[in-house]
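First comes the structure, then the notes that go with it.
Chains here go by letter, A, B, C and D, matching the order in which they are written, and residues are numbered from 1 within each.
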């Protein structure tokens, strides 16, 4: 299996470039009998779509998905689900000014040196636009997880640059284009983004993703751990530089008497472990937090070299998100959902005959920390 | 490939339990012709061995490795390298008091519910002792990386509980049992550990790992990214709850004009990206930081349930590391080395015929931030 | 990796159904810099296209391929190559008469029982039309093997039902629609097929495939053997029931003194091993022979059951090949080429630094037996 | 996954060389709760053991297996099962006469050229002795298949050199060291082998393997077909040059009206498809037939070259099986069992929620043809 596929049993394969004719993907291993229509995928694609506000890229893409196989009379057949999303707004000319320079923090230098080929238009394969495929695959995963196990995957923007956003409610997440869980924070976020855009700079973000309603037992020792696969899935998202499960880096300063989640017949008393113990889901909410770096394509002038290795200055004027983290929530959800369905299938493959000896212990009431 | 193997071309398979007769592993895909003796592996095993100081578990294990195949007349043959490490000090009786209770923060609850089977002795497969296999495999990876590409993988303890340890020199790392990069910090670390042990509690830690001398081009878009595989490898280590590459979570508050590493003909000016751009190595040092949670087996009484689901109190009195992070440095190095050799092989498989168009840009002088 | 992908480094993923909108595929891991145009793929697709003579299915498909990614300015970029082939002539009504019956020898019974879903139109995913994807992927593999290693993969029809076809020349293979290596045999083949079609029955075939110009060393012990991967690739083609390498089943009656290919400084004296020793290519021609069963969809009435399990009679009147073997030559070539490029990449990943100690021994002059 | 592992969910990894200290393996993914003792594995190892008659190699190996992990209190735990079989009778001196020559038909030439290393002693990794690992893994697979699905895997010697052996009864297979299904054939087989041994030559064989009691639905379209994985598994056995499923190469001369297995409410009327339709098990017996070439190490003088490429003569006088096919029956059974358990797990992973719409159709009464 090469680098454009992931998953053992629920296997996602992706292709496409930002300025080519289309992106597409194949979801292999989806259980049969799941009700599935293009609209199920479209709903998720619309959540990550460009152009939903002035704070994201103004590239115009309707991101219409076409299902090409694996669905018959409204249900999955168990065979490979192929789908396609045509690119509509590829303005290659936007890139003419930077075609022989390397953007600091961007992959164009490493791609060129690795492959000996440069497709400068929109970053080619390294474009964040590739995440349409993840979101489409994740839509299928989410639907099955909900239908079969009542597992729900959802996320939100936890921090925008220096601005931390308190968690108020899931409802508010869907009501603003930032995926912010606190409606009262939105004006401040908008003001911040307006200043940022004006300055020609970009900023980072933190996104939290949660899986609720988890059964006990998904995950495998010792390298195929659920948390290991989540970490890979998250780190494979463009711009992600850090992944935490549960208490994450806060564990460093915790004592064992504080970190280890106590159990009572009524349930766990905390969720520092983020719903995973020994690489296996504990039945508590799986809680994941990721760090996204600031966009590397910015208008501010920066020192770099050109293809001849000479010192030059670069200013990137294409249509870029000043904060890729704003649209990252549905992407992170999709990746988590894909990992979970894969482990759900792997778990029942091996352990379909196991009767769990105990009644499951309920999750802690307050799954999220203050992060 | 099931959960006890990892790697695409340099593939490591692990078996063994803490209280069974032995641990062992198979390294498949190692290039032939590498000089290799048991002593090469032993040196690394001795670095993670228990009992090296009063601050780690007092279990007595000589951790002698026996190479069973894949080496002929002192060189690897290209076939599978099998090796064995016998357990010597398995005191199952230590566990009699906890055999029907679940340790908060430990995997015994999830293993039981997943597999319907409980092997309470030493945590069975979930024991941190499994990391001998990783260290043995990593020793082979390290040796090849150094011999073939002059890549050197090394790590250190960056934080012990609340105590941050400044990076002074690589030399000092090898001179104390904490893997601390500052010899002057050791007395404080020792005092802290003495108090911790006395209190019956445990603590977390942060470990940093670096790969120096990296070529450009290792890694693959888009799911098989070098950073994605590193994240999985690190998160698969027992007790790890967070992984950062480069600036990691600090990226959240950075501006693009600060984060994106500028390039000049003389080299990169910073290394916020941690040596990886677009999932592909940039030739700068690869810098990784991990958070390890405090050990879950502690002497302090904690609330939990027993196998009948009844409320009970547990105190764990076995021989446990009060801070698993202390011995984690060689383990994290091993995992990084295994990922790097795998990607080195994958890269040359596809791109052996590519002549990188440019002279590589040198790494930044100061690869590590202040973390 | 689920069932619709194959290959470790050169990885092919396939989707599509006979009566859906399109077939498509993704080739991941192709080396960069290879000159590639849609015409390169089209040429191979045209060789397997339906409707080239009265002896194959009369379904009208132009089988136009569209490359969607992975190629820039006429060269592969090293990223995933996505491609699409739209279906044009899906007449679902052809299947109305058999929609609730099972064709003897066909997969519709097993698909229904496995997935609980029936897509009777054209056999859904089990249609032989899926092989367009294989041929497209194989075209890329063939081009690289020829360009990089001067390896040439070619095949021919060795037997049609009871009629054995002597090997005369490679030139004649391309000059008739049977891929027969003897032009003088064609009239007899045509007469046989005319009688067969008239009778409403179908027949089996044998196809031979050869790789010429092979280097020594491709393949891996012990499960990842070159011959094992070839066997899987061939047996995965619809209708294939047997695979032979070299002398194949004739080895059963050979003596060791006859079978083992003697070596001299001038070269091997025979090629009973079919170019593979211990799972590794010997530098002789790789010779593979496959058995294809007769098409299961025939006009003659046959006993079967319907979806209620009742005894019924079935006659299949759709547009089916009376001998799938006739169009199988380009498909078998494609599968062999895909396996070879995968092993070429795997070999150089591990052994790029090996200098073969000896000058290669030349292949036998007469690679093919009398089969 | 590199070449010394196979299987997606039930994954077998093998290591060891003929003249090293031991062979061993890891079985990963076995369901928990299966009763398993070393004796279960030993029984199968004893069936393939050398020295059981004068017709096989006289190397003395007790082939004692030690289980090192994955079993607790007599049951599998769901974690990796490691096992070891020490070599006892490694006479390296036997090989001194051939150490710089290449045996015609043997892998020593290809290994040397691939890896640049030669371990002439016993063929190193290419030794047929590696099959102990397969048989050990297969013993676990067989036990689970029988316990969970009442599937039974069994085989027999169908042809020894020119001597075809009619199938009389399964009982007789276990009562002679040839695994011959007809006791009356044994004296002729013995006489043939005595003459062969005396002549210094070797011979080929055909072995048939059957899986009885199969459920419908194991296998996957289109590359992960059950028959494709069986073909790979069989072809990966040393000396195998051909694999057939069901009618195999006889399909070439069959008509569709003859080959396609008719169905009635009482059951299938024949089994030309060998229990697999469209890559998915049909519920009929899975029937597989393999061709094994004659042993390449023979006493008769043969032309070859030495490591300098010079023309020499070779006579191999070590302790070799004059017909490797005689001991191949338990090996082929093991490989089939490993493929079946893997697909059983893969099937229920994806399709655990499918209720097969029809009552299964019974298998044909006479599963085996006259071969």
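In this text, a contact is a pair of C-beta atoms (placed from the backbone, for glycine too) under 8 Å apart; a residue touches a chain by one contact, two chains touch by 3 or more.
These numbers come from a predicted model, not from an experiment.
Enquirer: Count the C-beta pairs in contact for A-B and for A-C, then report the pair with the higher count.
Expert: A-B
Enquirer: Among the chains here, which has the CA centroid at the largest distance from chain C's centroid?
Expert: B
Enquirer: Cα centroid separation between chain A and chain B, in whole Å?
Expert: Comparing mean C-alpha positions, chain B is 26 Å from chain A.
Enquirer: Roughly how far is chain B from chain C, going centre to centre by Cα mean, in whole Å?
Expert: 45
Enquirer: What whole-number Å value describes the gap between the mean CA coordinates of chain A and chain C?
Expert: So the centroids are 39 Å from each other.
Enquirer: Hunt down the residues of chain C that sit against at least two other chains at once, touch-wise.
Expert: As it turns out, chain C has residues touching two or more other chains at 1-5, 8-9, 14, 29, 32-33, 78-79, 114-116, 125, 221, 351, 354.
Enquirer: Using the touch rule from the top, collect the residues of chain C that touch chain B in their complex.
Expert: Result: residues 8-9, 29-33, 78-79, 148, 221, 345-346, 348-354 of chain C touch chain B.
Enquirer: Would you tell me which residues of chain B are touching chain A in their complex?
Expert: 1-6, 8, 12, 14, 102-116, 123, 125-126, 130, 159, 161-162, 201-206, 216-217, 219-225, 227-236, 238, 241-265, 269, 272-274, 277-283, 291-296, 298, 300, 302-305, 307-311, 322, 347, 351, 354-361
Enquirer: Considering only the defined contacts, which chain C positions touch chain A in the complex?
Expert: Chain C reaches chain A through residues 1-5, 7-11, 13-17, 20-24, 26, 28-29, 32-33, 66, 68-70, 72, 75, 77-82, 84, 114-117, 119, 124-125.
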